[in-house]
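Before anything else, here is the set of structures, which you'll find just below.
The following pair of complexes shares a single chain, subunit A, combined with subunit B in the former and subunit C in the latter.
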Partner chain A sequence: MAHWLLLQLLINGIVAGSLYALLAISFATIYAPTKTFHFAHASIYVYSGYFLYQFAMGWGWPLPVSILGGVVTAGAMGVLVDRVVYTPLRRSGAGVMEVLLSSFAVFVVLQSVLLLVWKSDPRTIRVPEVLKNGIPFGVLTVTPLDLLTVATAGAVLAAVAVFMRYTRLGKAIRAIENDAGMAVMVGIPTEGVRMATFFLGSALVAVAAVFTALDKGLEPTIGVQALLVAVVAMIVGGVGSFPGAALAGLLLGVVENLGIWKIPSEWKSTITFSVLALFLLFRPSGFFGQRVARYSE
Partner chain B sequence: MRTNRTSKQIRSVPATLWALGLVLALALTLGGLTGAAHAQEEFKYGAVMPVTGPIPQYGEYFIRGSQLALEDLEKGGWIDGRKIRVVLEDGKNDPKVSLAAINKLINIDKVPIVETVGSSVVLALGPVAQENRVILVNTAAQNPNVRKIGNFIFSLVPLADGVMQTTARQAVEGMKAKTAGLLFVNNEYGRGVSSTFQKLFEGSGGKVVASEIHAQGETDFTTPLTKLKFANADIVFFVGHENELGYALKKAKQIGMKSRWLAPPGVFNPLTLTLAGDAAEGLQAADYPFDPVYGTERMRAFGKRYQERFRVLPGNAAARTYDAIMLYAAALKTGGRTPEQIRDYLLSVKNFDGVSGPVTFDKEGITLEQPVVRVVQGGKIILMK
Partner chain C sequence: MNYFFYVISLVAIYGILTVSLNLVVGYTAILSVAHAAFMGIGAYAAALLLTGWGFNFFATLPVAMAVAGLVSGILAVSTLRLKGDYYIIGSFGFQVILYNVFLNWIGLTGGPFGIRNIPRPQAFGSNLRYAILTLGFLAVCLWVARRVGESPYGKVLRAIREDEAAAASIGKNVTRYKVSVFVLSSMLASVGGALYAGLISYIDPFTFTIHESIFLLALVIIGGSGNVYGSVVGAAVLIVIPEALRFFDVPTTVASPIREILYGLLMILFLRFRPKGLLPERITPGMVR
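== the complex of A and B ==
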């Protein structure tokens, strides 16, 4: 029986990990090129879930349309936060710390607005039952939604990888990440690219939020945990490395779930932070630290 | 006196500041006067509630329950025309934050009575209230240690030491369970109630085969439930809040768990059923008698009014808040003013006609209310014979 449990935990870990990978990539997409520690990313995450709720349950739109609406609205909201808060601050000479603080303020304000608009009641989104009822494989179970989560996360991550590597915009994002000053000199419209990264990062986090909302429901407070996972995964993967962040996200999910095989499951987040601590001690540049160094040469 | 000193201080400053100073002084005097007048007119009812944090639904129960109580008191002409004002502080269900809040209520607002919920919070605030000789009313905490704090602590909720006897009996005799897995919230409520249950369950020949803990406000129960599923116990005894229970039941069904579920009192409410849907089917609990749909006429009237007003049915904590404020008002009507007089009134009450049921306290200030056993059947909460 025990090894079956281990296998089930591994499956759970891969499902959780694929969402963590999305979270990590979404945060890295914004952080790597703009160097903005976007704490309000946590708010975007929560809001995109509530947008989905509003569209699907409040206004009765069909689920696929609501999901698309939630993702696009979240992207727009990310750009809005940058334009209204970070960019004016940056123009008046604010440093990294000021922007971080303002980001925290945005988070607090948005959290309160959320409570005003949607109240604190937990919300669930009605999903066709077939998606959620487990398919038994002997003693193991996987829900179709789990499979959909892993498949979607894989597809989105692959699309992001292709986008970053082969499109002009993707290349521009990587150029700015590499050397923002040089990027301006060679004529990259950095403000436009900046807006694109905020849109992309926010839309990506919305994808993770959508799956969380569909599977587990929504509470106003779920954003911070998601942000922490994203940041830890980004650091463990090596700041600036997109494959690294994705892989680290997956690893975190698996380690978290396997780690609690013999100890109570409340220790999950302790495991997350132990992984972070180990990496900071022994490999501070993360999985793909080397490659980051070569980029910046 | 005040104007004198003000003019002396500002003798050597420019004219604009003069004017400003005068306005300020005037405002201060006026503010002070009206403040004093208010203090004389109103009685205060303090509350430390989790308006935000992991269980904000309890903040909402309080706000809504107290609103209805105040409306009724207003209709009845208050206490000889003197209003009751609710002073609400957000404790986030965090003992540290709640301690700061109760100190503010006691020292600055000078309230004679404070209502609060949550075992961790009640156990933290109890000694402070006791020391300051201010009444603490508990409307939702079940940890049996609440009984021991002191004679200024009142509980409108029966504590786990009593209720768990019925619960454990239901597990052994009603559900014929030999083994149980525990799933409880990581705080004084979860630990206090689950360990009380475990002791009684194992005392009647049952065996606890697995124990999992979840965080307050948890929405993802995949991991603890996976482990409980593989422990394969006859029943799962869950201790936590209604939102957590809703999510847990739903997940249990999705991963194909076969165990039947038993819950502590108070979590059988509309929120659980909304979140869990048909996954709540078969859930049992030794529960509070309050039932806004099938209860006594008075309960149903309260339920109907609450639903018309807020478009949801009341949780039992909302009903207890209503009763707590009505009890306070009744104490004031008898002429009680100091916390000691209010305490003596509360102890003397026999079958007070509350919306949560008749209220009588034992000599330690804990309600004598007896639990009933309920089960979810066909999407409805049904009383078991």
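== the complex of A and C ==
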């Protein structure tokens, strides 16, 4: 009996992990080139879920249109946060620390506005029955929604990889990540690219949020947890390595879910944190990252 | 009048929390989002020892400080030796976990129901007396913070803030300074938490969230980072103004988001237009900048 249970948990882990991979990539897309620790990313995550809710349940749009709407609105919101808060702050000569502090403040403000608009009760989004009816494979079950989640996450991740490698914009993003000063010198319009990274990162986090919302519903507080997963996966994968972050996200999902076998599910984030702690102690550069400098030994 | 002294106590307690956070954020430029977790450790340690073990209030403080010091030391050693954003990430993760521990370790903490009927020390039962007690602790905390700030040790902290590599290059063990100030700050925060538990007489996990940590950061920034008196002013302003909301007929479900929006916006505006805060850091004579 234990064997199939473990296998079922592994499947659940892969479903969760594919979304975690998206989370990690979405955070890294913004963090790597702009060096902005965008804490309000947690709010963008929650908002995209609530946008979906508003479009699908509030205004009765068809589900695919609502999903697309949620993703695009979230992308625009990310750009807006950067343009209204971070960029003016940067231009006024503030350092990295001030921008980070402001991102905490943005998180708090957005979170509270959300509470005023949508209240704190949990929300669920009505999904066509077929999506949630489990398909049995022997003793194991998978829902079509799970399959759709994994397929979408995989497709999106592949698209991002192609985009980063082969398009002009993707190359520009990587150039800025590598050396922002040099990027300016060779004539890359860094401000425009910055806006693109915020749009892309926010849209990516929205994809993860949308699928989570369809499956598990919404609560105003889910953002912090998601951000923790994103950040931990980025560290474990190695900062600056997109494949590393995606792989680490997948791994984190599997580890968390296998952990449920022995550990109650409310300790999920403790498992996440333990993984982080182990990596910070023994391998701070993650799987594929560059060596992290220490100031003193 | 009783309510007035209650607010005074609250201001003093948040003063202690903010001053202690300022040691880390203002003096040393280490950004921690786990301060509420250390406040929580103090509050839970005091509450558990008081209600379950019959400890005297003042006897709980060394225990609370020891636990907070130990835990913060482990966190600091593992994250502060790395450069970059690692300590932020470490403190963020730690904050989330500690909240989960408070919430889910029901056998110890009472989980979401929290701990009720936390007694105050006998000699300080009334709000007036409790206000005097908390102000006394605030005074001690300010004294410690000033002594730290003006000592050679404090000057090294500021040197680390301005240029970490330069501080290391003149032979200062940067990691040791960062870890020690972080531990000191967390121990002071645990005292603030213990006093908080005594004041409210009831604690639950929802007080010690990351929102509270960010609130404390906002108090440091708005008061003036690097100026410990500014921290007290910041705490006074941001505690008293939302308390005023009580006199209007605003339901709590609306009042608490409004409070958060208020300090969030203030924090953004201060960072943008007055990054030195209400009381800017004063440079004492003999301090090289």
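Things worth noting here:
Everything below uses one rule, namely that the second predicted complex is superposed on the first by the 289 of 297 C-alpha atoms of A that agree within 3 Å, B and C clash if a C-alpha of one lies under 4 Å from a C-alpha of the other, contacts with A are read in each partner's own complex, and residues count from 1 in each chain.
Criterion: contacts are C-beta pairs under 8 Å (C-beta built on N, C-alpha and C of every residue); 3 or more make two chains touch, one makes a residue touch a chain.
Remember, it's a predicted structure, so these values are computed and weren't measured experimentally.
The superposition on subunit A brings subunit B into a clash with subunit C.
After overlaying the two complexes on the shared chain, residue contacts for A:Leu101 are found with subunit C alone; subunit B is out of touch. Contacts of A:Leu276 after superposition on the shared chain: subunit C is touched, whereas subunit B is not. Look at A:Gly217: by the touch rule set out above, it reaches subunit B but stays clear of subunit C. Of the two partner chains placed by superposition, only subunit B is touched by A:Trp4; subunit C is not.
By the touch criterion defined above, A:Leu115 reaches both subunit B and subunit C.
Of the two partner chains, neither subunit B nor subunit C is touched by A:Phe137. With both structures placed on the common chain, the touch criterion links A:Glu266 to subunit B and to subunit C. Subunit A is touched at more residues by one of its partners, and among subunit B and subunit C that partner is C.
Subunit B is struck by only one stretch of subunit C after the chain A overlay, and of the options 112-120, 130-138 or 184-192 that stretch is 112-120.
Overlap of the subunit B and subunit C contact sets on subunit A: residues 115, 119-120, 264, 266. Interface residues of subunit C, counted against subunit A in their complex, comprise 29, 31, 33, 78-79, 81-86, 88-90, 92-94, 96-97, 100-101, 103-104, 164-165, 168, 173-176, 210-211, 214-215, 217-218, 221, 253-254, 256-258, 260-261, 263-265, 267-268, 271-272, 275.
Across the complex, subunit A meets subunit C through its residues 37, 85, 88-89, 92, 94, 97-98, 100-102, 104-109, 111-113, 115-116, 119-120, 224-225, 228, 231-232, 235, 264, 266-267, 269-270, 272-273, 276-277, 280-281, 284, 292-297.
Note for the complex: subunit A touches subunit B at residues 1-2, 4-5, 8-9, 12, 16, 115, 119-122, 124, 132-134, 136, 139, 141, 143, 216-222, 257, 260, 264-266, 268.
The touching residues of subunit B, when paired with subunit A in their complex, are 51-54, 56-57, 59-60, 186, 211-215, 217, 219-220, 222-224, 226-227, 230, 243, 246-247, 250-251, 253-256, 271, 274-275.
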